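Chain IDs A, B, C, D, E and F follow the sequence of writing; residue 1 opens each chain.
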Amino acid sequence: MYFDSVSEFVAMGGHGFFVWSAYGISALLIIGNMVLAVRQQGRVRQEIQRRLRRDQRPAHNAVEGEVE
Amino acid sequence: MWKTLTRWYHQLSSPRYFYRFASAVLPWLMPIAVLVLLTGLVWGLVFAPVERYQGNSYRIIFIHVPASSGALMGYIAMGVAGLIALVWRLKMAEVMLKAMAPFGAVLATVSLATGALWGKPTWGTYWQWDARMTSMLILLFLYLGIIALQSAIRDPRQAARAASLLAVVGVINVVIVKYSVEWLNTLHQGATLKLVGESSINDAMKWPLLISMLGLWLLYAANVLMRARTEVLNRERRSGWVATLLAPGAKE
Amino acid sequence: MSGVWRASLRRELTLIWRAPADVIQPLFFFVVVVSLFPLGLSPEPELLALVAPGVVWVAALLAVMLSLDGLFRRDQESGALDQMLSAPVMTVVPVSAKLLAHWLLTGLPLALVAPLLGYMMQLPASVLDTLALSVLLGTPTLTVVGAIGAALTVGLNRGGILLAVLVLPLYVPVLVFGAGVVRTALDGLPTDGLLAVLGAILALALSLGPLAVALGLRISAGD
Amino acid sequence: MTDPSARLTVSRLGCERDDRMLFQDLAFNARAGEIWQITGANGAGKTTLLRILVGLHGFYQGQVRWSRPLAPDLLYLGHDAGIREELSARENLQFSRALSGQSGDLDAALAAVDLYGFEDVPAGRLSAGQRRRIALARLWLGGKSVWVLDEPYTAIDQAGVAKLDARLREAAGAGVLILYTSHHRVGDGVRQLRLGAAGEGR
Amino acid sequence: MSGVWRASLRRELTLIWRAPADVIQPLFFFVVVVSLFPLGLSPEPELLALVAPGVVWVAALLAVMLSLDGLFRRDQESGALDQMLSAPVMTVVPVSAKLLAHWLLTGLPLALVAPLLGYMMQLPASVLDTLALSVLLGTPTLTVVGAIGAALTVGLNRGGILLAVLVLPLYVPVLVFGAGVVRTALDGLPTDGLLAVLGAILALALSLGPLAVALGLRISAGD
Amino acid sequence: MTDPSARLTVSRLGCERDDRMLFQDLAFNARAGEIWQITGANGAGKTTLLRILVGLHGFYQGQVRWSRPLAPDLLYLGHDAGIREELSARENLQFSRALSGQSGDLDAALAAVDLYGFEDVPAGRLSAGQRRRIALARLWLGGKSVWVLDEPYTAIDQAGVAKLDARLREAAGAGVLILYTSHHRVGDGVRQLRLGAAGEGR
């Protein structure tokens, strides 16, 4: 442990603002990106599941090609 | 050995196996990445000694350097994926490329933000047109260009191919930019950075730095896997295996 | 095949000739943007000379980029692009003719007026030839690199802004070396090395660029 | 000039666009001398199918095989016909001819589509139907053994339709393989490939 | 009539919302163009601060102008413009909704990032608010005046260059006063008078501009 | 809703474009409840005539008189139908409705043109015919007594053509005055206005 007290840790020898905003912004961006990725995954899954439910009725096909 | 490698290659280039692989790895990778990153950061923030000339502001290094190098490596990796996608039309390369762009852009932003916040106490300004800062800014622009192009094209396969071409062209450009900007820059700020150059960096600072770097890269890998997995699902939504996987009531 | 190339070149030149405004406008844009700076900055000659290389080069960059926006658009909308892509010659053939025609009627004129603008921006007469040479060496690269962006965005109907976003970061090396050459000349230092770098970048762009453009068009068409 | 061996084999062809299967397991064989009309409701996938056949749309499953390389034999007219408004009818046709390697007489072809007297007017100052006619003039330039035409009858007046009809039959008689889309009634001796109606596949 | 206005505004906002890139891209262009200058000029802080007001303002001008290029184009190509012109309401109604939507999503964001760019160009913190205010007052004028040019060129399919040629000269007063305000602030002099002039230009543009735009559209349609 | 007094008087109308008289001394009277089909070869001037009638083309000689101000009564569909690719079918129609002051039910109108299930897809991802159908849906929104339609049948499949036909007759029965261009054969009870063939006027 380098620091003697919590307040000293927070102050960072007068550079607290810079250190903590650097880490704060970084955390915000990185976590935000993670959250977006997870939410996107959920959305795609939901969409596919909705479609699967809809398609549970027997599907008829769109082909009527003239086959030789 | 070679055989195992080629088998892996074929398996991972099949969307279905990739999905299984990613689903198996992610539950481990994610917590490990977070743990490693936190270890490095806490070590660096709480336990590492103060730096002689910069005081405690130097502690920004533990996020700044991992993010900067991650942004750079990430872009090169994207270019490689793009080349593979263009030449061999490998679907998984397209998927990976698309998955790599967002975190890369985030890392470039983090690098710029932390660098700026570090610059104020050390150089007395948030921003200067120093070579590294300038080329990182351009790298961010390139990332954003790729994201913009991808989101402008509707068809996911077409979007990925377009982004591949742009990424490959971009890598060539990054190399030239690096040299050109270094040449341009007459007020090289290198001297300040040398404080932490190889000779003077001590182990008490080096280890936490290396550990947070490892942690951030693992996190990057986890994020890419996660996004790639989503993209695979989205592209293969019509195939049988996705249907059984996500069928109502099915257990994964 | 060389017949197709010649027919393509003739078509492109006719198209531009039919609408000569397409040549005059990038030139005019170049002149207007450079002239805006003394209005926005301040008319002091020393300051102007100092910023002149950068200003002239940024304006050239923007002029070329804007002129590229329509490079493939009308061929795509009219279906002519599909004709080129399904023709029995490689797509590079008509594409390279198009690029050549574009440079002849945009890049070249820019190089010719650049010294005039440099003079208006109070550059000493001794560096004006270097300025013209740098623009001459740089604009073909701008055309080719920009055309890759134009090919990738051709179906997207987004106006020029998406193109700008893709292409401007790719223009940075040309800008740095192009303006750098002029600044070096202004300082009275030798410029051969930097001009050689500009030339090398040009060679790279000319050898790989047209292929990338053709590939980009194919991707945009849906393949 | 035309090659009687031109032959198209399509098997198990399927295409999905925008989350909807347009067609699936499509299979047919087309030979030189045959005329195929592709029909189907709006949105059935006719345009998409033609683009797949000529290699402009690459996202599909299944196989499309031509008996020999398609490019040198192909005459393709898309929905939009590739006419640049700034160029005159003759200039437009001249470029198409060079690009596709055809060699027929320009003025004869333009006369055949009744553009006699309009050869040198920029296409932008012609009416909708007249512009289409410039593209159709390529059918009179000869030298191609596979014709793929997307809605060739659009915007053409009745006399023009009759003329075009006759031209297709004449070419087929000379061994050209023709595939086209249209909402017009299918004529005698034309084979029909009907794509499922929009919505059925969902 | 106010119903049509609201429906028009909603349509325009939806259109932009559908393609959010349209908002982000002018902003991005603004940032990129400003960043090109240190690359072309030199990274010396003193020089940069001196040219900053002009550079930021010229970049804002270009960003707004480029974003206007597509303002009516797609409505014209799709025939929606003919619908507006033949509708039973005055053309100014849908047009003014369009202009408002455009400014909200282009001009306003530019005013918000301008201080950041000013800082990067080494302007002292004390003039950053003046910079933002000048951009805020100037961009609506740029939108309206540029829209007149866009209306007159809508059928011409010339890419953005013809628009640039018509519009940039008209932008000169805004540039002179806008950059002038910032330079005055930089010299520590009072800026109220110049800001008032910017405001007066704005009032003029807002009162007559939309009518001129509507008239321009009618002329372009062939009437 | 519709006004039985709508009436169009055209006298001595002439128009020259691009150095060629398209038509000259054209005169006719059209009344509420009538359907007029304007025919003529490609380039005869049909599109130009319609644009003159609705006030979009101002360079002509002679007189066009409507019995009362046209704007509030007019439903005009041009060659290009005013559909923005980024907006869905519903959003496109919603805007047209507000602009023209119509008030019918959106979903009913879209269902009438068989776009049920496609309401929320951006128009850019629909086929050529489906896009036209969005514009045609305005014919089911009601409230207008003069319809001017430029080639309404373009790109529409056969079922669609029949439906549109029926709709025109129904509207005319209810007192709407309809003018349209088409190359299709003229139906029973439709008045024909034939413009001289291209070239005749020179």
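The working rule: a contact is a pair of C-beta atoms (placed from the backbone, for glycine too) under 8 Å apart; a residue touches a chain by one contact, two chains touch by 3 or more.
Here the structure is a predicted model, which is why all the values come from computation and not from measurement.
Steps from chain A to chain C, taking the shortest chain of touch contacts, total 2. Identification of common neighbours of chain C and chain D yields B.
The interface holding more C-beta pairs in contact, when E-F is weighed against B-E, is E-F. At the chain D-chain F interface, residue numbers used by both copies make up over half of all numbers present, so the two copies contact each other through mostly the same positions.
Averaging C-alpha coordinates per chain places the centre of chain B 56 Å away from that of chain F. Per-chain CA centroids place chain A at a distance of 15 Å from chain B.
Centroids built from CA atoms put chain F at 29 Å from chain D.
Annotation: 32 Å between the Cα-based centres of chain B and chain C. For chain F, the set of residues touching two or more other chains reads 79, 85, 125.
For chain A, the set of residues that touch two or more other chains comprises 51.
Shared interface positions of chain B, i.e. residues touching 2 or more other chains, are given as 138, 141, 144, 148, 152, 154-155, 158, 181, 184, 237. Within the complex, the chain F residues that touch chain D are 17-18, 40-47, 79, 114, 117-118, 121, 125-130, 132-133, 151, 154-161, 183, 185, 198-199, 202.
Interface residues of chain C, counted against chain E in their complex, comprise 19, 21-22, 25-26, 28-29, 32-33, 36-37, 39-42, 47, 50-51, 53-55, 57-58, 61-62, 66-67, 69-70, 73-74, 157-162, 164-165, 168-169, 171-172, 175-176, 179, 183. Across the interface of their complex, chain B is touched by residues 19, 21, 24-25, 28, 32, 35, 38-39, 42-45, 48, 119-120, 122 of chain E. Here chain F touches chain E in the complex through residues 51, 54-59, 71-72, 74, 76, 78-87, 91, 94-96, 98-101, 122, going by the rule given at the top. Contact residues of chain B toward chain E in the complex are 125-130, 134, 137-138, 141, 144, 148, 151-152, 181, 184-187.
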